[in-house]
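Across the two complexes that follow, subunit A remains constant while its partner is subunit B and subsequently subunit C.
Our next item is the complex of A and B:
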């Protein structure tokens, strides 16, 4: 445990080495939020409008929630794994007495902590500038379910990212291409990070709930906003846990197969 | 610039683009994945936009067709500028390694080489369907000839501003050694033009019109076709386009003097 705590500390310090890069990354996140905020602000310009089951306060809370949840779920260092496999740098880790998955999970957590800190500050600044209507959830059980769903979301994204990062075992030149499709496009759209999933036709919406993507962002926010309750929360948590299990087994299986074909090219 | 000089640069551009295309096509799988990814992202966005407007009916007063037209115009300007100026994304290693010396010593304008030295074939493939979609939707808006001419002229003006942005990114790259995030911030700002600029509140709307003229690059051409742009607005757009280009070239000349050739 101590070694992972050390990795956590070193990883946090590494984030500060390229400070300008980090600050620019955060600036980009804020700019992206502007697009979504003003899109929904414009649609809900009439104060009493209710659309797709949301009122103005809930939709603007959803948008600001994206900023924080994205910082927690989507910020990750695991994105570097594919590059390490294709460059052969993975060998260094295989020789060290650390579990490769725990190593990256620890690095992810340090990145999330830093991003969360900045996201909270940005949230405060945006709140002061934009003065949005805000929905504050006070029900303890709902908040508990929200935090559980958030923990599952972190793990799910970690697994999806890891599985995608294994493609270079077989096709080193496809490292960035695979991440571009799975992480940048599919996760972004199907998690609700850009558009509410409620705008989709009911059949699409229901089908999407059988995939892992809505559980990354949309599901936790739905819980926080009180849009779903009781059995629907339980059902969602069970499905996301099942996905975590399936993806964990899949990840392990691909990892061992990948190691058999790994040739440490470039080393 | 003489006709002979223009032909000389066209020939160089063609040679550089051909090399760039061949490099892309060597990696067929990666090429297919990126092309598929771009089509998928475009398809997702159009679909979500359609479903959103099916519920809300309008966005800042624009109907579904008009809103999608704004999005297509954004894509046209964005895709053409990415097709032409993809080399900007590869500029930083040249500066950091000092290999930019090799560009400076060749009998080709260094700005031209750094800006347009590696056209992107994936974006090239996206342009014809985009133009077809714009024509298809544009016809439904029923513009007259004058409005079509205004639209085309303003899109070209938008590309001139995009050129200015890319030159500014290159210049800042020489001065600060930072290109990747600067160009991505430019892309994020440009993304604010996916929807009509009318959705933004002041002072952001003013900033996006005059300071970072995304509105002039994207919203104004689309508004011109719909018939909502004033003559004064169009003239101001051309003025801003010319000033942006002029300032960016001055910035480039200034940045070149700061190049230290470190590491070479």
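Our next item is the complex of A and C:
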């Protein structure tokens, strides 16, 4: 356990190395928050307008909530894994008594903690300046379910990213392309990062809930907003847990197959 | 300590043709080819030995090291390193070995090397006291105290290589595999690394297996060498024996006192170099004594020496696969 704490620390240090880059990244985030806020604030400028069951407070909470959850779930160091496999840098880890998944999960968590810390500060600024009407969930059980679903989302995304990252074992030149398709297109599109999944036709929406994708963003946020309750929450958590298990087993089996064909190239 | 029996490793590669048409052709009809990197090699190495592993590029040296350190799975064969099968990568096994590669780096690029050391301490679960002693020893031997706090990306290759060595040896491995540890380094840095390897081998009774293209590495470091060529072992034994079995000629150096007709020298042996008053001849091993007496009788010789071929020449022959 101690070794993962050290990995956590050194990973955090690494994030701060390029100061200017770090500052630019945060500035970009703040601008994004304000833009999205003004966009939706003007769309819902007419009082009492309700779209897809969202009023002004809820839609603002939704779009800003997506930003926060995305910062937590999608921010990841694990994107480097495919590059390490195709360049042969993976060798360094294989030589050490360290679990490669836990290593990257730890690095991910440190990156997420950093992101979360700054997101809190940036949203604090937004609240102080704009005083938006924001939907605050107060039900303890709902909040508990929200945090559980968020933890599952983090793990699910980690697994999806890791499995995608294994492609270079067989096709070293595919490192970036595969990631782009899976992460940017599929995950963002189907998780609710780009639009409300409620907009989709009912049957499609229901079918989507049998895949792991809505559980990355949309599902936790729905819980927070109180759009779903009771059995639907339980059902969602069970489905997403099952997916975690399936993907975990899948990842392990692909990993061992990958190691058999791994060439430790790069020299 | 290390046992290797009938080790075979095949790689499957897709052939890529050149030119646009060729590229498209191989894209549509990929042609797979099996490359036999190791064709059933066997050897054993006992504890504390320092063995040189030599051969031309692509002979299978690095592949062997990678299998011994557990990174690659073999196609077939038996390998045991201490009591472990390498590719199971048991944590206890990994704590006992290290692989140093001249062209791979584990140091965190943006951070000072001391951070990587600290990380390795945690990963290898090195007790604080052992870590301190170990680090102190390595830092002193390699003379890098001032470099510890500088971000790695600002260091020169030679400086970095020394720190890489420390990172690889902090956990005091019993077995060290080194792949071209002096590659790309200047002469001074090479000597630092070489002295260090000998010293480390003595101090820790560590078993060291190293590959190198650098002849000085082999001459100065190893007693035993394993020569590998095209996936098979063609020699395994003492460096002196290697010299004997590959050295088919002796070098005779004569110092002459008067001008002579150099053409007559050709009858005695092959003239390698004429640098008046010194002339260098190369003669078959068995005929060396005869050639020497012939020279003394028929030419105005002031002085004469018979020498072995330089070891560099012999190893060069080994690399070329000439027997």
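Methods note: the second predicted complex is superposed on the first by the 243 of 267 C-alpha atoms of A that agree within 3 Å, B and C clash if a C-alpha of one lies under 4 Å from a C-alpha of the other, contacts with A are read in each partner's own complex, and residues count from 1 in each chain.
By definition in this document, contacts are C-beta pairs under 8 Å (C-beta built on N, C-alpha and C of every residue); 3 or more make two chains touch, one makes a residue touch a chain.
Predicted, not measured: the structure shown is a model, and the values here were computed from it.
Of the two partner chains placed by superposition, A:151 touches none, neither subunit B nor subunit C.
Contact with subunit B, but none with subunit C, is seen for A:21 once the two complexes are overlaid on the shared chain. When both complexes are overlaid on chain A, the residue A:88 reaches subunit C alone and has no touch with subunit B.
Of the two partner chains placed by the overlay, neither subunit B nor subunit C lies in contact with A:121.
One of subunit B and subunit C touches more residues of subunit A, and that partner is B.
Of the two partner chains placed by the overlay, only subunit B lies in contact with A:177; subunit C stays clear of it. In the superposition on chain A, no contact is made by A:50 with either subunit B or subunit C. After overlaying the two complexes on the shared chain, residue contacts for A:242 are found with neither subunit B nor subunit C.
Across the complex, subunit A meets subunit C through its residues 2-3, 5-7, 10, 13-14, 17-18, 88-89, 91-92, 94-98, 259-260, 262-264, 266-267.
Remark: subunit C residues 11, 62, 66, 69-73, 89, 91-92, 94-95, 97-99, 101, 103-106, 108, 110-111, 115-116, 118-125, 151, 179 touch subunit A in the complex.
Interface of subunit B with subunit A (complex): residues 27, 29-30, 33-34, 36-37, 40-41, 44-45, 48, 51-52, 54-56, 59-60, 178, 181-182, 184-185, 188-189, 191-192, 194-195, 198-201, 204. Subunit A meets subunit B in the complex at residues 20-21, 24-25, 27-28, 31-32, 34-35, 38-39, 41-43, 51-52, 171, 173-174, 177-178, 180-181, 184-186, 189, 194-195, 199-201.
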